[in-house]
Every structure is written in C-alpha cells, then in structure tokens.
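Letters A, B, C and D name the chains as they come in the text, with residue numbers starting at 1 for each one.
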C-alpha cells in the first residue's frame, strides 16, 4: 500500500485529502501514477486532466514526472504552489 | 560675502565649521574656489590638498568642480560621504 | 558563519511580530544590515473578503528550511527567519515574514529576496480567494513571473 | 500613486522604531509588500566603542527626500520612509532605517535597495570611529563598492 496525499484543487476534485492504495507493478514513475489514477474514475480524471501542471512530491520532496516512485512511503499530488 | 561651510575632516583641518569670505572676481567655479582657498594658509592647503576628492555643494545641492558659483549664497566643501 | 547561523522557520495560524523575530536573530554585534520582508493580503479594491491558505504540513516547513539554509550558505548570512501563516487571512493582514541579517546590506537584501523568490515557487502553500459578495473564488493561479524571478538566481 | 505616496524623511539623534514607522506608511489595503532595511553599527570584533555621525543640516534631509521621491516614481511605491541617526552611536545600535511599501515584492525590494545605494553616496553624512582603547580613529573612507552599487541603477 502507498499513501497518496492531495492538496488544493487536486484535493477538492478528487474529493479526499489522502488515501492508501495498491499500485500495479507497471506503475514505475510519477507520470505512470497520474495515468493510472485517471483510470479510477471521473473525479480523478478531472483532477489530473492536465498532467503537465500537476506537481509531485515523494516523501515530502519535489520530484520530476519521470522520476521513479520505488520505495515511496508518501506521494503527494498538487497544483503549482502559490504561497508567499 | 559668500558663506562657506565645511564638514568632517575638511572642517577639522581648516579648523572651523563655517566662515564668510570675500571672493576675488577671478573665482568663477568650485575648482577656482578650492585653488583660491589653498593660498590662504597651511590649514586650507592641507584640507584641500587632494582637490579631486573634495565634494562641493552650492545652496545645498551637489555640483561639479567646473560648475559656476555665481549667485551662491552658501558653498559647502566636504569629503566623500559615508552615511547609511 | 553558515554553520551556526540561526535559521528560524515556522508555519502558523497566528500573526507574527517582525520586531520580536528580529530581536531573536540579532544580538552578537556582527550584523550591520537587517532586511525584513512582509507580505500582506491586499484588498483587491475591496472585492476580497479573505484569502484561505492551505499547506502541506511537514513538507512546507522542510522546504522553507532548505531554502533558508541555501540562502545562508550562498550569501553568508548571519541569520534568517521565515514565518508563513495559514488559514483564513483578511485583507491588510500579514501572510509571510522573511528576515535576513548580514554584515553588509547587499547580502541581506539578496538573502531575503532569494528566500521569497524560492518560497513562492517551491514551498507547498496554496491560496484560495473568498470574495466580499459571498462567492468563493477559485484557487489563485501560479504566476509565470514568479518562475522567472526564481530563474534569475540559477 | 507616485503623487500622493507618503514620504517620511527624518534626521535625528534618537533611535527609531521600525514597527511604528511601518504603521505610519501602511493602512490603505493596497500594499502587498513591505521591505524594511535597518543599518546597524557593527562592533568590528570588539574594537569599536562608537561611531560619530556628522551631517549637513538641511541638505541631508533635502537629499534623502529627493532620493525617496525618485524611488517612489521609479518603482511606483505606495510609500517610503528614510530615517537617519546622527551623533554618537554604539555598536549594535541602529543607524539608518528605510521602509518601502508596494503592491508587489520586487518593487518594494528595489525601492528600499535603491534608496540605500543612493543615500550611501549622495546624502551628506560622515562617520568617524572612536575605538575601545580610547583612541579616536579617523574618518571612515568612502568605499568604491558603494559607488559601483549606485551605478547599477543608472
């Protein structure tokens, strides 16, 4: 099981802040994860529609979409940040 | 009569903070003024030895050495500024 | 200098006190320059009722700390503080505080500016607008100008 | 914006209060960014007993005001304050305060930095050092680096 956490409009569109899911072995990168989640329902498909704007963090550190997710305890998906 | 005011080490070397003097008609620019003052005694000569570092203000505004001093009510001579 | 410079990082709902945080950073007599940046909630011509600030707990603090440490090393800062508020924030209220101390002014200016430019684009915070007419606006869009501001340090 | 932006300029022997001056500058809700610069007297490794600050009364205030107005116009500031102390100042004490307010952060950073760079080289103030061992040091030399800092705005 992998813990997924969502923030801002990704959280709102998916309809939850976090969940634990089993990922198929074919999901090897952050990009693979986005494409897998989009098959899970309309909410996910809507939240992750524009894949290139979704930011990914693994174990609370920013990663690129093609970075491997092997060993991730916590994967976060969120929009571009707007703090400060 | 023209009022002259001095600051920092220019003031210390000349030995006074201000004075009123009569300037000869041949003194037309700030540079002329420096060269004239240097003839008035060793204190002036020491204070104004390195003419190019002396800053000049006329009526409380910075001027260049070759700017005319005609009409000046108050001429200030001082070293490069070190505030802030 | 970089090794033992104080780094103060907090994410909190309460307001902050720039003078009190500055006093915590200074005191050893080496600091010749303190630059303080305060980011406030603008009222957008009276239209805005509040901003709602969401963050990723844990990562937000870690990311700001990483940015602050990089600023200390890069500009030889004597100290750095970065405090970010979350929750609902009304127009005129404080959102973020950054304080950089250094022997000389350019390092302090650069340090505070660097931290803000990276914080804007790398620290996991998101703003949502609530309007005065009762409507909930959308999430604030990230600005390309913020990305460009960060790139100038690369 | 440039026409009615508050410009606070003072030369004084007393210390200043950055928070109080900031409160005087802000309040209308347009400000999204406040940058405050404080310049302090360093202790120079314990050698310095005090700095003595001399100024040209009248011209000092006029020159700082001119610099501040130029900063307001150039960076569309919402307000600017510049307060410079004179007289004897001990290590750790404040010397100068500059506060710039603007809708966005880069204007506020640039405004405060611009005022400091011009103030250093154009405002008629001079520093003399008094050392801890009782010696009166010389007048502080102007730094070429300050001239270069000003030139970058030209």
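Heads up, the rule we're going with is that a contact is a pair of C-beta atoms (placed from the backbone, for glycine too) under 8 Å apart; a residue touches a chain by one contact, two chains touch by 3 or more.
Worth saying up front: this structure is predicted, and the values here are computed from it rather than measured.
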| item | value |
| --- | --- |
| Smallest count of steps, each to a touching chain, taking subunit A to subunit C | 1 |
| Gap in Å, rounded to a whole number, between the CA centres of subunit D and subunit C | 23 |
| Inter-centroid spacing, subunit D versus subunit A (mean Cα positions, whole Å) | 48 |
| Centroid spacing, where centroids are CA-atom means, of subunit A and subunit B in whole angstrom | 72 |
| For subunit B, residues contacting two or more additional chains | 84 |
| Multi-chain contact sites of subunit D, meaning residues that touch two or more partners | 39, 105, 116 |
| Pairs of chains in contact (touch as defined earlier), listed by label | A-C, B-D, C-D |
| Residues of subunit B defined as touching subunit D within the complex | 5, 7-9, 57, 60-62, 76, 78-84 |
| Contacting residues of subunit C [partner subunit A, same complex] | 39, 53-56, 58-60, 62-63, 84, 95-96, 116, 119-128, 138-143 |
| Contacting residues of subunit D [partner subunit C, same complex] | 18-19, 22, 26-27, 29-43, 46, 91-92, 103, 105-106, 108-109, 112-113, 116, 149 |
